[in-house]
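Working notes, beginning with the structure itself.
Order as written gives the chain letters A, B, C, D and E; numbering starts at 1 within each chain.
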Amino acid sequence: MLGLGKKDTTLVLLVACLTMLAPFLLNPFPEGSAMAQFNAGYPDLMQRFVIFGIFAIGFNILFGLTGYLSFGHAAFLGIGSYAAVWMFKLLSMNVIPAILLAVVMSGLFALLIGFISLRRSGIYFSILTLAFAQMMFALAYSVLTPITGGETGLQLAPDDPRVLDTATSASGNIPVPGLFGMEMRDTAKLELGSWVFTFNVGYYFSAIVMLISFYLAIRIFRSPFGMMLRAVKSNQQRVNYTGLNARPYTLAAFVISGMYAGLAGGLMASMDPLAGAERMFWTASGEVVLMTILGGAGTLIGPVLGAGMIKYMENIISKINSDILHSWFAFLPDGLEDFMVAIVYPFIGKGWHLTLGIIFMLVVIFLPGGLVEGGQRIARLFRRKKQAKGDDASKAKQPAE
Amino acid sequence: QDSGFTNAPTGSTVTLGFNVPQTGPYADEGADELRAYELAVEHLNGGGDGGMMNTFSSKALQGNGILSKKVEYVTGDTQTKSDAARASAKSMIEKDGAIMITGGSSSGVAVAVQALCQEAGVIFMAGLTHSNDTTGKDKRANGFRHFFNSYMSGAALAPVLASAYGTDRKAYHLTADYNWGYTTEEAIRASTEAMGWETVAAVKTPLTQTDFSSYIAPVLQSGADTLVLNHYGGNMVNSLTNAVQFGLRDKQVNGKDFQIIVPLYSRLMARGAGENVKGIFGSTNWHWSLQDEASKAFVQSFGTKYGFPPSQAAHTCYVQTLLYADAVERAGSFAPCAVAEALEGFEFDGLGNGKTLYRAEDHQCFKDVLVVKGKENPDNEFDLLEIVEVTPVEQVTYAPDHPQFAGGALGSCNNGA
Amino acid sequence: MNVKPDFSKGKNYAETAPAFLSVWDIHAYYGESYIVQGVNFNVHEGEILALLGRNGAGKTSTLRAIARLDDPQITHGEVWLDHQPLHLKNSHQAAQLGIGLVPEDRRIIAGLTVEENLKLAQIAPPIGWSLERLYELFPRLGERRNQEGVTLSGGEQQMLSIARALARDIKVLLLDEPYEGLAPVIVDEIEKTLRLIKEQGITTVIVEQNAVRALELADRSVILDTGTVVFDGAAGEVLENKELREEYLAI
Amino acid sequence: MDAIILQILNGLDKGSAYALIALGLTLIFGTLGVVNFAHGALFMIGAFCAVTLSRILSISRTYVDETQKDFLGRPLEVKVPYAHDIFGPEMGAAIIDWAVPLSILFAIPVMIAVGVIMERGLIKHFYKRPHADQILVTFGLAIVLQEIIKYYYGANPIPTPAPAAFKGSFDFGAVIGFDANTIIYPYWRLVYFAFAAVIIGAVFAFLQFTTFGMVVRAGMADRETVGLLGINIDKRFTMMFGLAAAVAGLAGVMYAPINSPNYHMGMDFLVLSFVVVVVGGMGSLPGAVLAGFLLGILESFASMKEVINILPGINQIIIYLVAIIILLTRPRGLMGRKGVMEE
Amino acid sequence: MGILEVKGVNKRFGGLQALGDVNLSVQENKVHAIIGPNGAGKSTLLNCLVGKLIPDTGSVMFKGQSVLGRKPYEINQMGISRVFQTPEIFGDLSVLENVMIPCFARRDGAFRMHAIESVQSEHEIMDMAMTMLEDVNMAEKRDMHAASLSRGDKRRLEMAMCLVQEPSLLLLDEPTAGMARADTNNTIDLLREIKEKRDITMCIIEHDMHVVFSLADRITVLAQGTPLVEDAPENIKGNPKVREAYLGESA
């Protein structure tokens, strides 16, 4: 279907189901229950899941296929965000032009930076991209404050021109990004018993964009272009002596992944119209690297899983405080309750970094292929069980020796 | 029942969102803010000794929660990044149903979260944010700041500096290269130049700088006799440490002892600079050694609960929580616009800084400002700063359209959904 | 074949003649692929054994297994060298016990000069031929001693690889296609060297595609096919046995 | 003129910090080929060795002094370090004062142990894994180490002063004939510079005059073959890691008085030290040192107000700009070895 | 005028004159062999032809155009393919994909972005690649990871990758080194067949005289960077200079 193999079609359909049903899947615990803390089905986080998913998918096109490890990809995310916010400021609050400009601008920057950085490979390439991104961060944070808003970030103001839109809404507030009348923040709630499910326009918009990006990424992976990129990763010498010019291939991959990053940045600004320079800091670039590896570099779905994992930790684990802990362990006798809280406390709330660090280590030690490998192992386990059953059956048929 | 605004509380409880840095360089400051918030919640719900609720001039608060709803809270981690801060604020609003967001320890975060709250239709009570912009060009109708700002620091410091160091000084500014640095430099320059000081140079330093030696070394050569460090947090600790290392304070220039000034002091950070703060002037919003009844009550209840005195960040966060709760009580509604109206132009006393006004035009509090100095012989490990002067509020008040605060507009309050 | 001989020192070997290097029923895997499927052979002290077979028969894999490299992994079987159980050792211990492998892809270490490549071999005991003696044997290497090893020509690299093995005091020399890429004169030269080495009492196992040449040199021969031994006997026998030659060596 | 000398001096001292940090990183990253994101954490742990020792030295007994009051008006608990009791107040005070230099002795075994444990327990399994995996695991480790330090020491910087004898600065200008106070240089930074020179020299000598460096380099290029030559490369890698950790740690110990240690100081230096190592050229120790000094000096010059006035923001980007220029003009950095991490 | 004209090529590495004034003319549709001792500069000469090295002086003309200063991929697009002395293949790709890549290069040139089509839909390319794999007897290994091939197979694969491009000039650096005799013979047949079927010129470096004399129309003997003689195969065999410098007694 859609020019994909059977397996890939299943994967796309699966991802489509998961994203469309995310408001249900991510809110498994009833409101008000002790476990409700772990619910992730609120618009902001769901949007973040898919937006960072896009970012990671794009990064993986470069890193997973060509092996070029860019350490400055967050720069393109930042550019996308700035471009989108400027579009909101100058033109209109419709997200389409904003996202388009975001993609175009980040593509242009990627072309420039890629053209220069791809003259080197290996670690030298990584440091070149890092250097560009750090320069852009530094400039955006300080010298370019008039364009970027500096430390505070670029935000909308009531006195923006917004030529195709009103500068302020009827209520005197700054209008919010929307899509032909639908506001990105519009939300419908569905209450079923004590469960509350939230359906948000912005989320579904981003999710559809993510699905399209995911589909395109699969097509790229399975295309001759993808094969060339893998060849470049495997043996660049041979590529050159086979009459192929490796540079345009890698550059194309770089630009595509830069555009994905810009798309993510544009979406981010569309969900929340503020663009901050920290988005471009090296830790942000490092984060997407970690997402990709954590999920499984070079795999299709891995980066999305990795992105989800890290964002979940950041937003959910960090918000658990000692009060909540006490309420969880309230059923225990007092001494034991305090003891349990004392044990768990360093790992949650302000200790969420610690948990994250430990998870990084555990995953990479025990699941060298990332989370995807974990999934595969589980699948294999099941298959083996099935097989074992099958074997038993076939053995039973054989006559005893 | 209230309704018609974002997260209108329906049950018997009301949820506040405390958004503080729990990781990153300001984690300790954030931890102190969180302590203050927990204390405030305890007091609002009628627990503990009531703290400053007893000294507060408004008596609307009963110790039975807010509008008889028990106060609950959720916490988030700003990481001192505007993106992360907005994400956690959003999750508190969208997921936890927080009706008010408060906290933060940097102006970038405050401005970003303030804009978010404006959009979402909840009240934002800023924590520690000192940049002029928060209530200047980036002010918002749903946002309120109790903390003082760069302009006030300058206005308070200048006369004290003039009397201590004379009016004929040549100042050399090192300024953190971002918004807060810019406004602070501008404010200090304006007020010191007004009393006759000359600014020989102002050099911007990268935020990520850790070693300031190459910025400090040329200071003496420039003929300056005073160094102003428009730095905060880790930058301040490092630049001050470096400056003292270079022995600047032992030098004589233009026949005067060389002096260093740190416009914004924070006790937590001063501790990081150790001995180096001794004798160095700066300003602060509040200090635990203040002897008014309110401050004493606050230090008493905080100190008893946690074993050490509160920081200025803790103080401002505690006060902001009480002010919010009080405004809701007085307005009789949680609706942001009602609360905002109750806060605008509200005059109060008994929260540690003397008589205070929440100005309606820009949602900035006007109150006394403390000029402090690193203490030469501290009595104990918390006794790092001594109060040199309590600058009266009149001296630090400015017109809403003051050029340092130009641009931007409050807009109108937003009740959200 | 079914009774496992006791190779350890001081025991009587029930069946085999005194074997210097014994490979007993080894099975080895690259990850999941089963490559060496039960190889048995003995090498007697001082003899030259030719290990032959088609491309992909598992010759290299067998040598690598004997040298205890990480890949392929031995899952079953034993390797004994001079009463020492190699299968219980790892590669550097095996090397210290006297295994010297000249790998098929030569494995000259990048970033080191010719001389450093040789010196590297003389860091861990026991040390064999001196550098002077090696340069005497391979004058070309002497001339290029300060050149980076990997920039040598293919043949020169082969010489360096052999020289590096001889720089250590080895008991068994495992040669994986030593003639590959060498000019006929040099092949003659190396053959002479191997005879010389043999005179010094070094036991040699040689894997070679040029079967005739190898068989002329060798005392005995073992032929592998898909990871198992299909022939084990005197070298002359292979040359005479037309069937064997055609079936497994295609000569 | 004096301004230029001043900035060169400044650069040298900043450069010596960069060089020292990069040196340790080069041993692991440039020589063992492990992308060690935990290197900054090692530097940070070194600095906290100094903090720890000075805390240990000032472990105190407390007694309640009724005459003094604490901030809540309760009787004050007064602390007297045991060191004062044991060595007498004067000697005790001197020992506490000299805590940072003493920490060197303390830090060496600690850091070697940390390095060895880290290598044996973790890194060992990652030599053959892709760099990406190494990044993930070492980054995870860095976070964990950092959080542990934060848990025990808090997030604020902890002042760790140099001995009183090194307070103040040396008037360099006066010595070489300029006006007084034009070229000044803190004593402790001179010490740091000298210390860096000694360490760098010692590491060079160790790697140059022993075969150790060659073996490790060879082992990195081709572990398998080195094993075939009877060399236990694992052991040497472990030693190398211990050495690198010690160098990083010592850099941290001596840095403590320059900037008060805090738990994230390692991350602050991490990117910069990678840039220095790569600009120096992978696998090259002299390259790392040279790049450290070069970038230090350039950074100093870029921070001059005369320069900033012409090119605003140049001080923010100079290091990266120079890095880009060098990497584009010299494919393998200043002195890089061919083939090291280029794939 | 030959299809390839090398004139006065010099190449120095530091103090070493690797190539000294090499002149060579390769005639169209002929097999030209280059033989010579190890380190004679044969591979270096090929490196100069494919753009891996740039000669210090001299000119290299292919079909009347200079190749100097062109990038390797441009030279390949002009119609020169090369098999390396140590196999250069795409280890991470499957055998079939390895062969498909040169097919794409042949059809689409140095760069063309087919980012959306699926590889599976490129039937003609797949067919082309499969046919080639069948020709070199590797069809059943099509799905294997190229890195896990045995060495001989890697060489065959690399040759297939070059042949499938149908270059006008094929440079072969020891194509049969490490190949079993049978495969060597197959290779000879394959090369012959290809030469007859398609108009292809070959330049072959080989130490296996059997291969050289079965294939070559003309032979250049290179020694110490300079051509010693150039002649027809029959005459080379008998040339005493060549015998001494290169062939040795056994030839």
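Rule of thumb we're sticking to: contacts are C-beta pairs under 8 Å (C-beta built on N, C-alpha and C of every residue); 3 or more make two chains touch, one makes a residue touch a chain.
According to UniProt, the chain labels map to these proteins: A, D = Branched-chain amino acid ABC transporter permease; C, E = ABC transporter ATP-binding protein.
Bear in mind that the values here come from a model prediction, so they are computed numbers and not experimental data.
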Chains touching both chain A and chain E, listed by label: none
Centroid comparison with chain E (C-alpha atoms), farthest chain: B
Of all other chains, the one whose Cα centre sits farthest from chain A: C
Distance between the centres, which are taken as Cα means, of chain E and chain D, whole angstrom: 52
Chain centre separation in whole Å, for chain D relative to chain C (CA means): 48
Geometric centre distance via CA averages, chain C-chain B, whole Å: 77
Junction residues of chain B - those touching two or more other chains: 27, 31, 177, 204, 206, 208
Shared interface positions of chain A, touching two or more other chains: 138, 141-143, 353
Which pairs of chains touch, using the document's own definition: A-B, A-D, A-E, B-D, C-D, C-E
Of all residues in chain B, those that touch chain A in their complex: 22-23, 27, 30-31, 34, 73-77, 81-84, 86-88, 90-92, 94-95, 106-108, 111-112, 115-116, 118-119, 133, 138, 177-180, 182, 204, 206-208, 408-409, 411-412, 414
Of chain E, residues touching chain A in the complex: 50, 71-73, 76-77, 81-82, 84, 88-93, 97, 100-102, 104-106, 109-111, 113-122, 125, 161, 165
Of chain D, residues touching chain B in the complex: 2-3, 6-7, 9-11, 13-14, 17, 68, 70-72, 76, 150, 154-161, 167-169, 181-186, 188-189, 257-260, 262, 264-265, 268-269, 299-300, 303-305, 308, 312-313, 315-316
Residues on chain C engaged by chain D in the complex (per definition of touch): 67, 69-70, 90-92, 95-96, 99-101, 103, 107, 109-112, 116, 119-121, 123-125, 164, 168
Contacting residues of chain E [partner chain C, same complex]: 13-14, 16, 35-43, 85-86, 148-153, 174, 177-185, 207, 209, 245-251
